[in-house]
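When the chains are written out, they are named A, B, C and D in that same order, and each has its own residue count from 1.
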Amino acid sequence: MSAIAQDGAALEDVDAFAARARAWLAENMPPADPAKDTFFLHAATHPADEEVLARAATCRELQRRLFDGGFAGICVPRQYGGQELTPAHQTAFNREIKGYDYPAEIQASTFIPCMAVLLEFGTEEQKLRHIPRMLRGEEIWVQLLSEPGGGSDAAGAVTSATRDGDRWLLNGSKIWTTSGWWGDWALCLARTNWDVEKHRGLTVFSLPMSAPGLQIRQIELVNGSKDFCQEFLTDVVVPDADRIGDVDAGWSVMTRWLYHERTISGGSPYVTGGGNRPNAGPYELAALIEAARRLGTIDDSTTRALIGEAQTSSLVLRALVESVTHKMATGSLPHHAAAMPRLFGGTANARRAAIATELYGDAGVVWAPDDEIAAQVGLGYLIRQAACIGGGTTEMARNVIAERLLGMPREHRADTSAFRDVPRGPRASGAH
Amino acid sequence: MSAIAQDGAALEDVDAFAARARAWLAENMPPADPAKDTFFLHAATHPADEEVLARAATCRELQRRLFDGGFAGICVPRQYGGQELTPAHQTAFNREIKGYDYPAEIQASTFIPCMAVLLEFGTEEQKLRHIPRMLRGEEIWVQLLSEPGGGSDAAGAVTSATRDGDRWLLNGSKIWTTSGWWGDWALCLARTNWDVEKHRGLTVFSLPMSAPGLQIRQIELVNGSKDFCQEFLTDVVVPDADRIGDVDAGWSVMTRWLYHERTISGGSPYVTGGGNRPNAGPYELAALIEAARRLGTIDDSTTRALIGEAQTSSLVLRALVESVTHKMATGSLPHHAAAMPRLFGGTANARRAAIATELYGDAGVVWAPDDEIAAQVGLGYLIRQAACIGGGTTEMARNVIAERLLGMPREHRADTSAFRDVPRGPRASGAH
Amino acid sequence: MFTQTADQDLLETTTEQYLAATFPPERIREFARRDSTFDATLWKRGAELGWTTLLVPEAAGGGSVSGNGLADLLAVAFQFGRHAAPGPLIGTNVVAAALGRWGSGELHGGPLAQLLDGDATAAWAHAPRMGSCASAVVRAARSGDGVVLDGTAPLVESGAPKGYLLVAAGADEDGARSHYLVPFDAPGVRISPLGGIDLVRRHQAVTLREVVVPAAYRVGEPGTADVHDEVLLDLAAVLQAGEIVGAMERAFDLTLRWTRDRYSFGRPLGSYQEIKHRMADLRTQLEASAAVAEKAARHVGEDRPDARSWASAAKAYVGRVGPELVQDCVQLHGGIGVTFEHDLHLYLRRATLDAQLFGTPAYFAERVVRLVEADMEEGA
Amino acid sequence: MFTQTADQDLLETTTEQYLAATFPPERIREFARRDSTFDATLWKRGAELGWTTLLVPEAAGGGSVSGNGLADLLAVAFQFGRHAAPGPLIGTNVVAAALGRWGSGELHGGPLAQLLDGDATAAWAHAPRMGSCASAVVRAARSGDGVVLDGTAPLVESGAPKGYLLVAAGADEDGARSHYLVPFDAPGVRISPLGGIDLVRRHQAVTLREVVVPAAYRVGEPGTADVHDEVLLDLAAVLQAGEIVGAMERAFDLTLRWTRDRYSFGRPLGSYQEIKHRMADLRTQLEASAAVAEKAARHVGEDRPDARSWASAAKAYVGRVGPELVQDCVQLHGGIGVTFEHDLHLYLRRATLDAQLFGTPAYFAERVVRLVEADMEEGA
């Protein structure tokens, strides 16, 4: 199996590459700790800020090691610091890296969607400036996309960018920025034209998170997590050279941005790992069974039915993800079909939290200070809807399935006139 | 406690009336058989036509007895054969009649909505002609209201009435007529004007079910029931004298028609009894428990949870009906609030059928030929959605709650132009 | 939400005004950061409003406003739920009810009077469970004029520094148990705080090591604890249902407003039919929850024969749909609904806590079946 | 719905064409009025299409089209569900699989050959239940060259006049049991027809009174029946899931068309968002059901180590959501959906029957837990 690169040089055989990667990994990368679950929403004893920063530093360092080893940016052109190999090489590498720690937490959003968007829409100068730094772990990128009044409507952004000579002034607020408070750079969607239909007045910019006028606030979630941030932009200056894509053509950038964001569940050539299945904490089947034993309810058929339901739905989700992924790849389902596993997964995860709460009974709402797993059950229940909200609500998934997959009539839209005139409701301006 | 009738004569004291009724009932009416459940949808071994006709004959005869005893039409004016007493008298009578057999099956639709509509909208001649016969059990009335293409939209009737001198020619089809095949007379909603908004082109007529051109077909339901009928009207002649209310003013009649129909759950002064709680067959709590004992699952906590759920939801429904009825009576909830018990009751009844099926397992899908209760479980499951469809779907109830009770925005309507131009879809004309 | 007398309305209104002024959501979040959430002054003022006397007979110093003290207290519990308010309302009232009905004169004069005045609060150690793991296990032995108690009550509510624990104890594990009232400050009582889901209603584990209480601190005839726990469980179930209905009402109300104010794709969220239908479902569940809680309060408060079925159905139903309703409200809010600064989680926490403590919804559904079986036995 | 090889597609297409031509809905309703729904000619033709050989090794006269006979048969079962077709597909194949794997040469030559040719059909007496009531209870005793069987199999499928019953029997109730093949026409076999929910798939109760079968009619080594029943249960579960997915698919399809054609208040039903979201949920359940059924067929058909978990998950999930999906389709149709003349109930009946027979969804959810526990034991 060999192939010819664009410049005519022979590419390394995938098997040989895999063997080389295997040897290098054994030599250079630390083993994964499957119990580590730092960045996932259901963690109850959420990491302190210092722990997050320490992990970020580890990620940067691991990314640097990959770069130095010649395994960063496997499908990225050489002139930007990549290896210019094929998706098959990346897939092989991802297979090999299983069991090793790797910079999982910066794959999204740094490589997808940010690097992917830069590769498609960035100027040569922008690419040369940022992509090597990304691949070396020196620039962590985040997404300034959602807005407080925006909900599921990405195209309804009201953060404004006003031209001022060869620079832009950005004003507004962004929210739900993962890693916002420790990221280095950002892609930012802003409105540059209020007198056209909403999709036609948007532009994408890049800017450093340290830009003057950019204020960052960590958002505390009900389970104590402070991963997400809200940003307030007050006359933030962005040189026109940092604009990504054409003025008012932001939606064509966004289409790809959102596409690349979705490839987190598989299919991206830019992501390393994707991999070590995170420990589901109290929701691991064995953990549920052990809890039931401890609570003396393991012989109770209702308890067993709950455990059986949890396991069944996790198996069904696995089958569904595999089957839909395969059907999309072979074209027997359109890419909108991805909304089905999203919907199923969201509701199954929410239900899983309810199952654990029901199984634990009073032990899931009051716990000894050192009983971390019971605390995870309690706080996991409080945050459970995050599974049906984050990354596009289950309601939006249902819309997509109905309208795009089943071809049912589209919802009546009241936002097709000039964006300036679109009703935004009494609370559109406030944070909530 | 005494009152003065409209004509100035003193009314009988309610307590005295109740005492008289008590004595008369003991003398004249047969006891009720609580196990008898002839007319309810969940019966599996559905009555043969002859049994239905025999029961209808009994109802006629029992109604005649009430009439002869001076207890028919308690709130109906004397000139139409009634007693011209107060709702309090009817309520007292309904209390006394508990435990007796009474003509339950002809209260709806003969007295509500048909007699109630006649009383409000009929001409003097119409009232004198029909109401005494209704009260004597000689005329059983049915409702020609729903249409095959109509669904929840009563005002969308397409059965047409065309004027022809001093008579009308009716053409079209009606469906879901309870007792259609053994009723004597009917109220019928028809379209008399196609060039105005749909509510403004309707007229109500009365006609005998034996009218030439009126063809009646019993509809077989999935559980074997043949209570409902579909009618085909081909140039059915109705004299203008049999029109109820003004031409094209049918919707104002309908508003009251639908109101009176809803009073079947309580609050009508025209209904006798309302009363003997029908046996819930396999869904009685004791029956579920006995089945679980027989199947050897009574100690299984899942089974017990199912039984507990059934009983809990039947208690909650009772509390909800009482509370909403009381709040509507005192004005603390508008009458649209009745949609809440309708919604809860529908879904609870459907769920009850699922609970029984789950509890029975294979014994609820295959049964010995003489095991009527198991057959009721199986066929009851097949017909269970009737509880969420008949008498207005649960979807319509949700619309009413959202729009009328919660004041949420109304659905966009596409049927506000002249009815002739309202889109009715490719299948609107066929039966289905 | 409930149909009430004018006096009950007045009790509810004064409670509402007091809680709204004293415990606005920001205050609850602030309390959450404290070690202790009990404020003696605030609780004392609540007692003056009538929060502690309603389940106690007049002869014992209590008194209701309508003749049905539980129905009165339901309105107070409802408001506690609406404000996710701190304060050991349920435990104190349940224990006061026990003392009022079955306590000695000495208990009436001392602890009960303190509870009624708001000078002390109380916790009830009962924690019925489906599984084979018992909750509180305490042994009692006579010793001179007093009784020596040894054991643990692993999950009881925290309250005032001056507090009492009502706990069932027997000479041996299977024997007939009696109720004892234990002052938390008695020698040998050890307390360790627990974590939990509610921000302001706290709990603790209690260990009793050779704790001596006077004989007069036995509550009720010897061996009556199990029967009495069932009676008290009816009260607790109704009050928890009341709190949950309050939490539901507030969450629903916030969400209905949100669907009006929030626009999505140029239209108010509430104009989307799917949202409308969900709100209709939630509204119906709210009404049904209020209806069954009220009915249960009536029947239990009036000692009607089917009272226990109603109390059980109330907790089984409201405990099941309550937290789920609030979760649906979170979903309808989107991301903002899972932030600490939004109020919704206050009601989610309270509804969930009430649903799971003193018997889960599943426990009460099972209890409903036991009651039907008992009726069938009697009928047979 | 499934990802298949070209050969599997061909098998499915020919099956689909045959069933569509032979068993249109009107024909099913007509069959429903008959005493027997078995038609020897039609079944024979099905056998020629390949319905009976797929689970049987080539050495025993069978053969698959893809190397995984269960995955092949899944497509056939799917089409049976889509057409609510009559014919003892599952029983015959399960028993053929048993004979093919564990049967004697005598059985291969006689009964199995008849099954493969479509000249006979077979039923499997296994009926696992959660409760304490056993299903089939049969005693076996040696008698000369043969075995004498006594007992009952209260719920087995009806089929061809020439038919066989595979039943487990032991010397005593708790002892290790062996499988025996019993010809329905053997002396001492008494059959009484049962009623049921499916219009065309019929069942009967079987009583065995001193029924003598040759020793060679024992299927498998002595004492292997319980282990083998579990293996066969995996097959049955997958095939039932396949039929249910077929019934779901047809009901969904009818309903999607209905939401296009039906207008309500001047708009297509399908333009209402609540309807759209329900259809989205149903579509997702349909896809998930197909996915897990296919995955289970792959793993069971290839004898993978986790095959039993997949088979159990398939039946547990599909058996639970299948009938509910069809019920929702009924609801979306309104009144017409509960009439005998509409087709929907054909699929509701089939889905419900399959869900409840050979172990309920709850039974399989429990089985999933037992498998996890066993894994934990092994791991420990």
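We adopt the following convention: a contact is a pair of C-beta atoms (placed from the backbone, for glycine too) under 8 Å apart; a residue touches a chain by one contact, two chains touch by 3 or more.
Bear in mind that the values here come from a model prediction, so they are computed numbers and not experimental data.
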item	value
Distance-maximising chain from chain D - centres being C-alpha averages	C
Chain B and chain D: spacing of chain centres that average the CA atoms, whole Å	42
Chain A and chain B, separation of their C-alpha mean positions in angstrom	55
Centre-of-Cα separation between chain D and chain A, whole angstrom	43
For chain B, residues contacting two or more additional chains	300-303, 305, 395, 398, 411-412
Multi-chain contact sites of chain D, meaning residues that touch two or more partners	130, 268, 272-274, 276-277, 362
Category of the chain touch graph - line, ring, star, complete, other	complete
Chain A - residues contacting chain D, complex	285-286, 289, 301, 304-305, 307-309, 311-313, 315-320, 322-324, 326-327, 330, 332, 337, 339-340, 343-344, 395, 397-403, 405-406, 408-409, 411
Partner chain D, residues of chain C touching it in the complex	272-274, 276-277
Sites on chain D touched by chain B in the complex	127, 129-133, 155, 193-198, 203, 205, 261-269, 272, 274, 324, 327, 330-331, 334-342, 345, 348-349, 352-353, 356-357, 360, 362-363
Chain B to chain D touching residues, read off their complex	146, 148-149, 151-153, 156, 175-176, 219-222, 224, 228, 292, 294-297, 300, 302-303, 350, 354, 357-358, 361-362, 364-369, 371, 375, 378-379, 381-386, 388-390, 393-395, 398, 411-416, 422-428, 432
Interfacial residue positions of chain D with respect to chain A in the complex	3, 130, 256, 259-260, 268, 270-271, 273, 275-277, 279-281, 283-284, 287-288, 290-292, 294-295, 309-310, 312-313, 316-317, 362, 364-369, 372-373, 376
